[in-house]
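The same chain A turns up in both complexes below, where it pairs with chain B and then with chain C.
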Partner chain A sequence: MRERLTGVRGLYRAGYRSVLAYRADLWFGIAGLVIQATLTVVVWRVLYAGHDEVAGIDRSTAVSYAVLAAAIQAVIMPWQFSSLPFRVLRGQIGVDMMRPRSLISQNLAQAVGTMVGRLPIGVAGLLTGLALGGVQPPRSAAGLGLWVISMSLGIANILIVNLLVSMTAFWTLEIGGFMIVYRFATAFLSGALIPLWFMPGWLQPILGWLPFQAQMYAPLSIWFGTRDGVLGVLALQVGWVVVLFGLLQLVWRRAVHKVVVLGG
Partner chain B sequence: MAESVLRQEVRAGRILLRAAWRAAMGYRANFLMTIMGGVALQGTQLLFLGVLLAKFQVIDGWRFNDLAFLFALRLAAHAMYVVPFGAMIRIDQAVQQGDMDRYLIRPAGAYLQVITSYAPLMALGDLLLGCTALAIFAPQSSVDWSPVKVAFLVAAVLGGGLVEAGLQTFLAAFAFKLTSTMSMRILADDTISRFSGYPLTMFGRWGFLSLTFLFPMAFIAYLPATVLLGRTDQLPIPTWLAAASPAGGLLVFTLALMFFNRMIKHYNSPGS
Partner chain C sequence: MIEVDALTKEFSRPDVRPGRFAGTRSLFTRARKVTRAVDGISFRIDAGELIGFLGPNGAGKSTTIKMLTGILVPTSGTVTVAGQVPWRDRRQNARTIGAVFGQRTQLWYDLPLRDSFGIIRDLYGMDAATYRTRLGEFTELLGLDEFIDTPVRSLSLGQRMRGDLVAAMLYAPPILYLDEPTVGLDVVAKGKIREFVAEINTRRGTTVVLTTHDMDDVERLCRRVIIIDHGVLLYEGDLESLKARYVTTRDIVVHATEFDLTSVASPFAEVLTAGPAKATLRFAPATTSTPKVVHDLTSRYPITDLSVLEPDLEDVIRQLYTERRTG
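Let's turn to the complex of A and B:
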């Protein structure tokens, strides 16, 4: 077990070092989130002018949600979420596949490393929200604990879906456009931009049955205690992680036969 | 003499552009998907606005029809930036990998070659979305359209595109000094994408003034929109300045281009 961990730890380190290597990028990421968190707080406060509650949600909850979602999104939904397509394109995938660890664990470790490297950005967003009085703490310590569990499941969900999507690279090399559509679709469908509370009535049940809401909306709704049946929410999240991981194994097994390493 | 230099530049630009677009069209399958990527990138913001307004109806005294028009104006202006200038996004690579060496010895302007180095296919998605949104929302807005106002709108869209192009050119010029300017340019682009479609006075007096004079995002869509909608009384700046806003793009872009050409002198070739 320890040996297996040692194998992927290097890749995890490569992931977070790839973020820290470009200090300027990290600083601009931080500055960007500070600006965006500030403007987001203003937008939501202005929106709520003249309303006490909209869709059963009060102003401070809506503002907190927007700031927290932006901070969490900056950490767990990076623009470069996988190096896999690039490695397939360049043929480096051949070397990856010869390593004594599965390609799946290599990629997951690297993606986790990237998220850890981006943590300072999220923290800066959170601090901005706190400074502006725009972030509510969870209702209770138990709520915080449940959020940690739910958030971890959400992150596992994102990691798996990201890897699944980047495996398209085994079938077609030009996937830039597809990746962008995917990025913005998940941002919207996961509730990272707008909480499901404010979505149109006909859309809510559809989003509820998609895996994306389990990435962001589910953990945040637990943070704010706006959902009954927390155990049901967690069970659905676990269910999605299991199903998606099964799918990942299936796709990977087919992808192995598709690998074409370009060059000598 | 000056005329012939300009003519040479135009001719060089045409040749470079044709080559770039032909290369981009090579991958047919990716073509449509990339355009969809462009639509998705900006369309999510439109969706965001639509969903919110369905619940809240009003933002800072603006109703859906006028906000949608403001937003459409921003999208169209953005297209005027990304279609001709989108290739600037790869400036870091051009400097790091020494493509600039080639640009500097060829008989055409370096800036021209940077922006024609490849065809930004995704920009066609922006163009599609911007034009469609403007065609739908301009007639529904409370603007009392006249030929003069239509002419002002066209000037505003072009000017807005030049403001964005100018801001990005200014930031891109730092590529000759810093190793990476990508995150800085993404930050500017992202802030514009997310927030330039709002009535900017809602960010308070100082917020508005810094978005007008420091980071002149207000010139992209908000200032011209207030003129067309007759809402200039909301502004803490003189009305004439808002009325002249389409010319702002020309000013910002000219200054930025001068700055870019000065910064080229700091270029160090990565080769030996």
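Let's turn to the complex of A and C:
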């Protein structure tokens, strides 16, 4: 296990260094999120004008949720979340397959690196929210601890699903259209755009059983302590990570036979 | 070291029939067309060899190399590389082989060259001391120090190729695959790369499989070649016998300053061209020895300069390819 981790340590480094290599891009990301966080606070406050609660959620929770979700989304749901489709298209995948580590661990390590590289963006968003008094801290230290566990599971879920979706590139080369659908679906279904509290009643149980809510909504609802049965939520998250990881292995095993390394 | 037996690879792709609405129809049809890129090839390569793997474009060279490296799974046939089936135990195989593909790079585009080497050190679990010594050695051999801290995206093609070579040899694999390593390079860069390849082959005993269209590469580096076309083996053997088999004649060029060579003639050679100052004659070395022809000409004519043209590998290969295509 330990040897496995040191093996892909370099790829983790490659992930965050690649983010830092484009400094202008990182600064634009930070500036963008600061603006987004500010607008989020302002707009949600206007929306709540004259109401104490909407769907049982008070104003400060709703505003905090929106800011936190935006900050986390900026870090772990980047626009270009995996280099895999690009590498398949360019024939680079052949090189990856000649490495002494599995393609899955190489990709996951690099994705974690990218996430760490993008962390400053999220921190900037969070600080903006705090400065504007728009972010509520968790209710207790225990709550914070549970959030850390739940968020890690949420991140694992996102990274696995991202890679899973990227693997479509082995079957069909042009996946741009599919990616746009996926990106929108995941932002909406995970609760990153709109908290799932506000979804219509008939949709909520469906969303509850999809893997997406375990990415963002589950950890955030633990942060705000708006959900009962925290252990059940965590158990469901663990379940999803296990199932999705199994699925990833299965898809990869089939993809190997589909590999066509493009170009001379 | 490498054993290949009856290796075959077929590719299938959607069959688009030309005609009206061809594009639209292709959305709904499931018809596939099968092409056989490699068709029952067998050969073996011994440890420590530096072998040329040749063939025209589309001959199936790259497909074969991809199967040897374990990237592609063959349709049928067997391959063993250092006692392993490359695609079955890909991770174990990875430590046995290094590869340089001239058309693409294994380096990390956004990062300085040095970072790429660090990533490879981690991937292959190299200890710090070995890494340092080897990188130092290679840096000196290939003159990397002037650009090792430059991001790969800003390197010239020649620099990038040198970086790629080091990346492939850093963990000292016993086998190295080179797929057109000198394509598009200038004379100096080509020379450096050839020197390095020759060095690791003789000093470290690395088995090298070299795919190239550059016959200079082959003549300078390889003793034995494997030639394929249309997915089948055309020739396997050493370079000298290939030349001997295909070049049955040799040309001799003579110059004279105070004599008109227009009427030159020899019982041992046929006159190809004859001008006042220069003439070219052709003879068959199998029946007539070179000294015999030289002696005959120099004893009868006041010749000032004379040269025997070595068989040109490029001509041999051209002859081999066209023969195959027409025959």
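Assume the second predicted complex is superposed on the first by the 262 of 264 C-alpha atoms of A that agree within 3 Å, B and C clash if a C-alpha of one lies under 4 Å from a C-alpha of the other, contacts with A are read in each partner's own complex, and residues count from 1 in each chain.
The rule is short, and it goes like this: a contact is a pair of C-beta atoms (placed from the backbone, for glycine too) under 8 Å apart; a residue touches a chain by one contact, two chains touch by 3 or more.
Only a predicted model underlies this, so the values are computations on that prediction, with no experimental measurement involved.
Visitor: Is A:I194 touching the first partner chain B, the second partner chain C, both, or neither of them?
Guide: First partner only.
Visitor: With both complexes superposed on chain A, which partner does A:I35 reach: first (chain B), second (chain C), both or neither?
Guide: first
Visitor: Does chain B (first) or chain C (second) touch A:T226, or do both, or does neither?
Guide: So A:T226 meets neither chain B nor chain C here.
Visitor: Could you say whether A:V46 touches chain B, chain C, both of them, or neither, answering first, second, both or neither?
Guide: In the superposed model, A:V46 contacts chain B only, not chain C.
Visitor: Looking at A:V54 after the superposition, I want to know if it touches chain B, chain C, both of them or none. Which is it: first, second, both, neither?
Guide: first
Visitor: Looking at the overlay, what does A:Y22 touch: chain B (first), chain C (second), both, or neither?
Guide: both
Visitor: If you tally the residues of chain A touched by each partner, is the higher count for chain B or for chain C?
Guide: Between chain B and chain C, the winner on chain A residue contacts is B.
Visitor: Using the touch definition from the top, say if A:S105 reaches chain B (first), chain C (second), both or neither.
Guide: A:S105 sits against neither chain B nor chain C.
Visitor: Which chain A residues come up in both lists, the one for chain B and the one for chain C?
Guide: On chain A, the residues that contact chain B in one structure and chain C in the other are 22.
Visitor: Which residues of chain A touch chain C once you look at their complex with the stated criterion?
Guide: Chain A residues touching chain C: 3, 6-11, 13-14, 17-18, 21-22, 90-92, 94-95, 97-102, 256-257, 259-261, 263-264.
Visitor: Given the complex with chain B, which residues does chain A contribute to the contact?
Guide: 22, 24-26, 28-29, 31-32, 35-36, 39, 42-43, 46-51, 54-55, 79, 172, 174-181, 184-185, 187-188, 193-194, 198-200
Visitor: Which of the residues in chain C come into contact with chain A in the complex?
Guide: 11, 57, 62, 66, 69-73, 90-95, 97, 99, 101, 103-106, 108, 110-111, 115, 118-125, 151, 179-180
Visitor: Note which residues of chain B are touching chain A in the complex, please.
Guide: So the residues of chain B touching chain A come out as 27, 29-30, 32-38, 40-41, 43-44, 47-48, 51-52, 54-56, 58-60, 121-122, 178-180, 182-184, 186-187, 190-191, 194-195, 198, 202-204, 207.
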